[in-house]
Structure formats: structure tokens, C-alpha cells
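A, B, C, D and E are the chain letters, set down in written order, and residue numbers restart from 1 in every chain.
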Amino acid sequence: MADFSNYLNSNLTPGQAGAHLWVVIYILIIFAAVSLAVIAMNWLERKILAHMQVRLGPMRVGPHGLLQPIADALKLLIKEDIIPENADKLVFWMAPLVVVITAFTTYIVIPFGPTHAVTDMNIGILFMLGVASLGTLGIIMAGWASNSHYPLLGSLRSSAQMVSYEVAMGMAAVSAILMTSLRGTGVYGIGSPTADAIGTLSMIEIVRAQMNQHVWFVFKFFPLGLAAFGIFAIAMVAETNRAPFDLPEAESELTAGFHTEYSGFRWSLFFLAEYAAMIAVSSIAVTLWLGGWLRPFPHWLSGDAWDTAFSIFPAFTFFVLAGMALRTTVRMPKHPYFKIQKAGLGVFGLLLGGIGLVLLVPPVRDRVQDIYWFAIKVAAFMYLYIWYRGTFPRYRFDQLMRLGWKFMIPTGIGVLIATALVGVL
Amino acid sequence: MPEDKPDQKPASPPPPAAGEKPAAAAAPPKPAGEPAKPATPAKPAGPVPQPWESEMVERFCRRFGSGIDPKTYLGQNYIVADPSIVYQLLQMLRDSEQFDYCVDVTAVHYPQRKDQEFDVVWILYSFPRNERVRVKTMLKDGDPAPSVVALWGTANWLERECYDMFGIRFEGHPDLRRILLPDGWKGHPLRKEYGITQQDSEWVKLNLGIESGQ
Amino acid sequence: MEITTLHYLVVASALFIIGTIGVLTRRNVIIILMSIELILNAVNLNLVAFSRLYGLQGQVFSIFVITDAAAEAAVGLGILIAFFRNKETINADEIDLLKF
Amino acid sequence: MDPVATPYFFYGLSAVAVLSAVGVIMRRNPVHSAIALIFTLLSLAGLYLMLYAPFVAGVQIILYVGGIVVLFLFVIMLINIERMQREYQFNKQWLVGLLAAAALGALFVAVYVKGQSIFPQHAVRFPEQLNTQQVGKMLYVDYLLPFEIASLLLLVAIVGAVVMAKKRI
Amino acid sequence: MADILKSEQSPSSVEHIEAEKGVDQPFLDATELILNMGPQHPSTHGVLRVILKLDGEKVLNTECVIGYLHRGVEKIAEHRTYAMFNPYVDRMDYVAAVSNGLGYCEAVEKLLNVEAPPRAQWVRTILTELNRIASHQLWLGTHALDIGAITPLFYTFRDREEILKIFEKYCGARLTTHAFRIGGCLYETYDGFEQDVKKFCDFVTPKVDEYETLLTTNRIWLERTKGVGVLKAEDCIDLGVTGPVLRASGVKWDLRKAQPYAAYKNFEFDIPTGQNGDTYDRYLVRVAEMRQALRIIRQAVDSIPEGPIMGKVPKVMKPPVGEIYHSIEAPKGELGYFIVSDGSTQPYRVRVRPPSFVNLQALSKMVEGALVADVVAVIGTLDIVLGEVDR
């Protein structure tokens, strides 16, 4: 038990502190939080996309369709689980598991705050990229095991696509890692790149480096950091098979690509993994370029007053959400049919307000605000994902490959070399 | 942008050929294309096909003699040709008379006509002349018609459909199979003796596993 | 009980022998290539195990070995595809001509 | 920090590695073999982590599992394996091969028995924290020439693979 | 095709394979693959089945299998009177039902030697052009959806709804309208018809620009459509391809100009054409056609003549013995009716010359050597309606 409370005072992640109990707790929290985020993303994506497309989206289950994802999940759970007769049963069974496990394994090293990570690995970013690339295997297995032509084509596309874009992704990531070795502060601060300048692959150290250099890496060496970030941002969309790079599951070409033959719970595992992977790669981007858990302007707007002001943001956000929910409750039609919905939405609004109140308590406030800033940045990426989906047509396979090999990789290498040169000069 | 071009004329202005003339622009209420008869309610007798005279027809007559019978009806021209010369006629129409677009290939079944059960109709159009002509030939049931796939690529599916619906074989067609009905189907539904509710119940039973498709 | 270098060596030799068996007995070239990967991995495990005792050179070399394995797999599979296209088979004992 | 329950992890990972390796060479279906190979490689990555070689473990995952095995699977999908599955899986010299392997095993045992004294019985610890940095430094300072040669090798491999696999050049 | 698919299942012993080596030839090259696209596929626009022979993703060969929606419309026509058959034609190209009805009514009027009064001609023109816009909007939405842009679909359907509302107010039906009768139109226009149509024109003009903002300069859209499914003008004419596909290849030919029918000769409009004959040009041509259709509608609404809307036709229609071919410019191309009369109340034979059917023939030429994704794009760009292909 002493172990349990001692950890809270240590300034380390549970993995580093060796607090195994806390490791388990963190893993459980992350698992629950990511699942919840996926459910929320499901609802948000449908709503946002719907409003982009002049329609309302889910409106029936719960007020404004708030319970729709839960209804969907229930439906998927009780749906008949079909395995095609000629499928390779073992591989067919294993594929969704592989995809989900790899998607969730990446969360081990994501730093939601200086201490809010399961562990801090020496090879953090390498581990993340490596494990994220394992998701391909699950997709290939799914496509092959289905013993059908559409899934096979989908998984062929997927494997080629992921292998290609991983390279560009790695190049972009390496240029950010190069920046961690610098000591100077500011956009063009290069410090002393001598023998003792040591970069790092650890996720937490990367964010610390940005803190010490007083600049997010997206602005470092102004066009270079931005270019690397841009490459990463494109490659990560391709890596997660989302529009406009959703060729492996292109519904108008390959019906559903690699998961054509999947149904019910197994299909929902793919769905879960896709969204979990989206959040995971967005987290990498946030960590590498957007300052991770750092709040905006930690150095420029420093001081206790600013600290307090910024730490109120989480509570403030929840109050706004609660206000929106309560406003909708009031504006609902006065009709007995809407009674239950009204009550439900009201309770939901009050719940959000209550969470906001809890977040105002100083100790909670201090521990949570890192997570809040991290989540806000990731949420921006999530919105981008939805936006892309609403705007772009789909690339063709050869164009995708051309973009990857002839534009992204050369640019990535160029940016890497330029970053190295600027860093040394 | 293509629509910015001020040119409003069609690709080729309609020449005053003997073909269907567009009605004069001054009289909008008149329906287009029948100068042959005054627009009165149909009399029992009705208009009758008139002989069609034009330079082109004269050329054809010189070449084919009595094998062809050019007519015009309601402002639309057609040539009835003997089955033996119809291919040459079509070829000549395309090669020397600029009928570069085969609109349709179809057939009509007249079971009561002895030894001439089928009319095979080719509807042709010429982009440069803005003119239509129909070529018609009468066939005995079972006789093959010449395939014009070599002349117009369009004819491929149209002839397949014709074969599917009437059972007329087109000689020289590269791939004469059924197109709308399934491959093993028996009977040709647009023949007059084929009942409107008739179906190949054997095929239905065998392939769909049901008693009747109705 | 402490795990010593020897334990790792035993695992490595087991993998090596399994890989050798695969290379020597299977007909399918794909599986032969995979067996070669097993052998290389056994070597890697040895190198890394010894690097704990004698310094990081072992790890550096294992990285070289992985690079080598990647090159080998790429070329090997390329040959395989070219061969399959011509001969419709990928059995090692049917690949007996120098020129085809 | 100390890894938890080291012997259990070691035995578990080793067992998975060896059993999957057996699976690699025994399965009829190459896809199953490749999946077994994935398990072997991943458990080896775990063993590297236990040996305080996190960088090698990372490279193992990203390159071997994420790259080479994907390549294998890709090629297997391009090739019609249905016919091969129905054929004999082992060649005619399988007995000889088995004997040779057994002899190799015997050699290993013999070496161990003869030179037992030179085998280290203890584990020395290298600092985990700076492993990546040290490996990097070694790669780019001490072993720069081999590194360049390796890159050349990769280039040759790329060209070779393209030439081999392309239908018409 | 059936025996090809069967040959995959061969006996399982090695000896058997050795014995049958001559017979058991692999039907495909090592890297070839047969992909059966449809009849249940999201982007074959109905029940089209395309059998693709692929080398990786590259299309080596295609074969269309059609007929899944064959209802024997031509046979039905022989058992209905002229007036009774009129509603059936709406079910062929159900997205452009008004055009189908116009073609049929005009063909029978020609055969009967009667004419529709000018007011009817004007109303027919307005409704047909509205339907052309509706058809092109539906095409644009689904085509963009095939290529992966999901949003235009909802925009076009939102605007198409307004057209359907006008149809509904005019004749009570939205899709299969049966708006015209032989000899004119059955219904007088409702009060405020002109205002509704004008309001619609003002409403939809900026919307067409909106579609263009989403797509015309979108890089991915350009890459996906430029140079895809190219059809040269000669090939178009040889294959009998008509409509926007023909015009996108650079042939300036439109039946509304070449052989005007209804009231078209009274209005000014352009024929938009393309140069390259690729998917992008076809897209531009169709968008431009929407604008031209709006232009025609505006002119027509301003000049609807007064008078009766139904011409004088006999109660029992017995056209004299003879045959007639009449064709109009439907949104998809030349829609022709070849009607043979034997003097009775029922047509002896009705042949429909369906533009979709003929245009679909060009598919295998257009996708030769393309990728799977292009097949989808090309099927979309041909703008086929399977109801019309199979009839």
C-alpha cells in the first residue's frame, strides 16, 4: 500500500518508478478512456460529417443521437458472427485480435503528461512506429484468410501502402528527433551541437526538449519543422487507411476491402482498432511536433496568474459543453414524447457540469490539465480526419504510390538533410 | 469552358435534303418533321408510303437495280432491300454516303407473311448530312442476316439483342450469344408466338429452384 | 534462478538447428527463405547475448545482420516471383536449371 | 529498474520462439508459416529487451516484423499456393537433412562439453538508459565503413529485386 | 466463364495432378485474377455485372453481363394500347422519366399525324429540361461517390429534391411521372408554376457553382478523372455513343439542335463540348449542360404561350399502318422509339433505342489497361441506368 501512495509523490511514470499496481491501473484507465474516445469519435464523426453534408445524422437514439454508438455496439455484439466456409478459420479469427492488440499496445508509451504514461521507454518513438506498423499484419491476415478476391486486393493494397508510407513517416519523425539534440532556445536556436549533444527517442524527453527549447518543433527552423510535420500528417492518414487514402477498404471499389467478410463483433474490432490507431498516430504527431502536453505559451505567458488561468480551461470546456446540453434541453419541444430524452439530456448536462466542477479543485486541476491540452491537440487532428473524409475523393492506387515514393520520401529525406545541416551550422 | 463558345449551330447545318425536314421555324405549333400531310386527325385511310427520290437513291438504283425499293413515309426515308444485297447497300451507305453512325439494329416479326417472317431494320444516321435513313430487309425464319459489326462497332450488342429476342442469326458476328436473357434460356420472347407470360420453366426450376418466376 | 548468457545460447542453437532442418528438408522456397531468417535470428540472439558481456559491438552487428536479412529477403523473393512467373512452381527441387 | 519475474519471461518467450520456429518449418500453408515466424520474431524482440538491447528490439519489430514478414506475406499472396499445398512438402533428402541437423546439434553439445570453462556463467549489466545513443555512436563512428557498405548492399538489393520482379523493363 | 471458375477446383492428390498435367492447365497466368464485380456491388449503379480479368490491379479484359433487370418492356408494349403503354416507358430510365415519356408521346403523335398544342410543347420542354438537370445531379452525386467524394451526393440530392417537388406539384408523382399524354399534357399547369420554376432557377444556379467549387479544381479529383477512360471521337461514332459522352469527345452534336423537337428551336442555347474525351471532360460537359438547361428553362418560362394544353386526338387511337422512328436527346444520349403500327389499337412492335445500353458497350474499350479504381470511375462517367440497359 505504501508503494501505492508513494508513487503519487514520485515524479515518474509508473513504469519507471516500478509501481506495478499503478501500471495496471494506468493500463486500465487508458483502455477505458480510449474505448470511450472511440465511441465518442463514432458519434462525433457521424454528426460532423452529417452537418458538413447538409443533413442531421443520428437523431433517434437518445437526444441528438447521443446513445447511437451504444446502440450500434449492442447491435454489433448480438449480430450473428459469420465465418465464410472456405476461410482459414485460425487466421480469420486471429486477424482482428492482432489489429486491436497492436493498436492498443502503442498507448503504453504515449505521454499524456510528464507522469501520465504507462512507462517511458528509451526507444519510445521507435517502439510506437514499429508497433503501429504491425497493424498491417492483421489487415493482411484478414484479407488473406477471407479467401475472397475483394479482401485479397484490399490487403495487397494495404500492405503496399503501409510499407511505403512508413518510410516517409520515419523520415519525418527522424528530423524531429534530430531537433531534440539541440540546446538553444527559440525558432532558430541551435545551441551546442557538439559531442555531448545527445538526442533522444523517448517520448517524454522529446516533449521536454520542446519545453527546454521554448518552441514546438513544428515551428523549429521555420519551414523545415513545418514541412516535416506536413509529411508526417499526410503519411499518418495513409497509415491509418482513412480518406483520401482509404484504398484498402474503398467501399465503392472493393465493397469493403479487407473486412468485406467480417461481421458483427469481429468487424467492430476492426472499427475499434482503426479509431484507436487514428488517435495513436495523432498522439505521435502531437508529441513530436505540437509540444505534447505543454500548454500554449508556457514561457511567454509564464507566472502563477497565467498558470492558474490556463489550468481553468478544462473546467471551462466542460462548463461550455454542459451549457450547450442544458440549452438544448430547454429548447426541446414541449411534448410528452420528448420527456425521457429531455430528462436524459438534462442529466447528461448536469453530469458534464459536475465534471467541470471537479476539475476546478486545485490538485485535480494540476494533474489533469496536461491531459487536457494533449487531448485538445489530438482532437484537432481527429477533426481534420473527419474533414478530409468529407472533402476529398479517393486516390487511385498508382497515384498513391507515386505520391508516397516520388514526393513524400524525397521531401522527407531532403527535410532531414536540411535539418541536420541547419542544426550543425 | 466548352459552353462559352458562341457558336450555336449544330455540327452540320441541316441541308435541304429530301429527308425529314425540320418544320419551318415560323410555325412553332407544328410538330417537327411531317410536311408530307396536313395535320388533321388521322383518317382511316392514313398516309401511304411514297416513292423516295433523291440523288443518293439514284446512285443506289444504278448499282443495285431492282433489288432495292426506296420509300418515304411521314417524312422518313427507308429503303427495302433484298437480303442478298443488303450488306453491300449498308457498306455503300457507310463508305460513300457518310452514314457513319448506326443508331439501331432491330427486327419485327410477321408470322403471317410466308417465307418473309422477319423484317430486319437498320437505322442509320449521318453526322455530316444530318439525315436519317432506315434500311429494311425481309428474311425467312431461319435465314441468317449479314452482321455489320465490321462496319459499325455499335452493332455488336444490338445484334446480340436481336438474336436474343428473335433468334435471327447474324452471320459474321464475332460473339453471337444471348445478352439480356441467361445463356441456357429456350425461346425468343419477342416472336409473336411467344406468349406474354410464357417462360422457360425448366430453366427457372433448374437454376432458381422455384416453381415459377411469375 | 538467474538467467545467464548460456540460456540464451541454448535458445539460439535450438533456433539455428530448426532453421537448418527447414532449409535442408523443405521443398517450398518461401519456407526455405523463412528458415534462413530463423538461422539469422539465432545468430542475432547470440550476438546480442554476448554483447551484454563484451560491449555493444554485438548489437551493432546484429543490426547489420538484420539489414542483410532484409536485402536477402527482397532479392530472394524477387527471384522467386520471376521464377514462378516462368515455371509456375516454387519447389526447390524443380529449380534445377541455370537458365530458363 | 529490474525486470519483473525474469526467468518466467525468459522461459515463456523462449518456448514461444522455439515452438513457433517448429511451426515455421512444419506447416503446410506458407501463410501459417509466416504467422509463426512473426511469433518467433516478436518473442526474440522480447528476449532482446530482456538483454537490455532495446534498440535492437525496436529494429527487430519495425524492420523484421513490419517489413520483411510483410514482404513474405505479400509474395505468398501473389503466388497461387493452393496447388503447392497439395504436393509433398518435404524433399527426397529429408532424412539426410535431418541427420545433418542432428550432427550440427551434436557439434554444439560437444563444443559446450569440451569448452565449458570458457562459457560465462554470470550476467554483466550494461546501462539501459543510453543504449540507443551508444549504439548510434558506434554505428556512425566506429563502424561507419560497414554501415556504408550495408547501405550499398541495400541499394543493390533494391535494384536486384526490381529487375527480378518486373515483367518488362 | 462458368467452366473457367470450375477449373479452380481440381482433385487433391499429387498423382492426379501429374496425370492430368495436359488437361489441368492453369487458366490464369501466375499473377492474373478474375474479379467478379457485381451484380451486387456498391458502384455498378444497379445490377450490372462486370467480370474483370486483372493483372494485379491492372485490367486486362472486361465482360459486361446484363439482363438482371430485364422486364420485357418491348413485349409488354405489344399487348397494351398506345395510351396504356405510356406509363411503362417511365420505368426504363427512371431517373429521367419525363424524357422517356416525351420521346414516346412525340413518336406516337408522329405516327398518328397529330400535334401537341404550343402550350403543351412549352410545358414539355420545361419539364424535360428540369428532368435533365435532375438526372445530371443524380449522376454527379453518385459519380463523385464512386470516386470517393461523399459530400457532393448530399448536395445534389438536396437540390434535386426541389425539382421533384415541382414534378409532384404538377402531376402528383416524383420519379415515374407519366407527365405527358399523347397529344399534349393532361394537366394544366398549377397556379404559381412559373414562379416555382423561376425560383428554382435562381436557387440552383449558385448550387451548380458550389458543386464546381468542391470538385473542378480539386487536385485528387483532377488526378482521378483526367486521362481516365479516354474515348476518341472516331471511337464514339463507331460505337454509337451519344449524349454528353460524345460531346465530351469533341463532337458538337445534339439532337435538340440537329433535329429539333418539342419547342427547342425557339430557344437559344449552346452545346458544350470537351476536347479530350476523358472523364474530366465528361464531368465538365454535364455541369455545363446543367447551366444550359437552366438557360432554356428561363427562356421557356418567360414565353409560355396561352391556349389549350391538350391537342385533339381520337379517343381510340388507331394509327394508320406504317412505321416511324423518332428520337430525342435524353440526358444520357439519343433515346429513340421505333414504332410499327398494324392499324389496330395496340402497337405491333415498339423498339426502344436505349442510350445507356449502347453507351455501356464502350466500357470495355475505355477501361483497357486501366486500374480497378478506373473501372468504377468509368462506369460512373458513362451515366448508365440499368433499368434502361435491360428494359
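Criterion: a residue touches a chain if its C-beta (ideal position, glycine included) is under 8 Å from a C-beta of that chain, and two chains touch if they have at least 3 such contacts.
Note that this is a predicted model, so its numbers are computed, not measured.
J.: So which chain is farthest from chain A, going by the mean of the CA atoms in each chain?
T.: Measuring from the centre of chain A, the most distant chain centre belongs to B.
J.: On a CA-centroid basis, which chain has its centre farthest from chain C's?
T.: Farthest by centroid: B.
J.: Counting only Cα atoms for the centres, state how far chain A is from chain B in Å.
T.: 64
J.: How many angstrom lie between the CA centroids of chain A and chain D, rounded to a whole number?
T.: 31
J.: Take the average of all CA coordinates in chain A, do the same for chain E, and state the distance between these two points in whole angstrom.
T.: Comparing mean C-alpha positions, chain E is 45 Å from chain A.
J.: Go ahead and note the Å separation of the Cα centroids belonging to chain C and chain D.
T.: 6
J.: Give the residues of chain A that touch two or more other chains, as numbers and ranges in rising order.
T.: Only 152, 156 qualify.
J.: If I count partner chains per residue in chain C, which residues reach a count of at least 2?
T.: Answer for chain C, listing residues that touch two or more other chains: 84-85.
J.: Mark out which residues of chain E touch at least two other chains, giving numbers and ranges.
T.: 26, 30-31
J.: Of all residues in chain D, which touch chain A in the complex?
T.: Against chain A, the touching part of chain D is residues 1-2, 4, 29, 31-32, 35, 38, 54-55, 57-59, 61-62, 65-67, 69-71, 73-74, 76-78, 128-133.
J.: Using the touch rule from the top, collect the residues of chain E that touch chain A in their complex.
T.: 33-36, 41-43, 56-57, 144-151, 153-155, 158, 214-215, 218, 220-221, 223-224, 371-374, 376
J.: Can you name the residues of chain A that touch chain E in the complex?
T.: By the definition above, chain A touches chain E via 49, 52-55, 149-150, 152-153, 156-157, 243-244, 246-247, 250-255, 389-399.
J.: Could you pull out which chain C residues touch chain D in their complex?
T.: Spelled out, the residues of chain C in touch with chain D are 1-9, 11, 13-28, 30-31, 33-35, 37-38, 41, 44-45, 48-49, 51-53, 55-57, 59-60, 62-64, 66-75, 77-82, 84-85, 89-93.
J.: So in the complex, the part of chain A that touches chain D is made up of which residues?
T.: 16-18, 20, 88, 90-91, 94, 121-123, 126-127, 129-131, 133-134, 136-137, 140-141, 143-145, 152, 155-156, 159-160, 162-163, 166, 198-201
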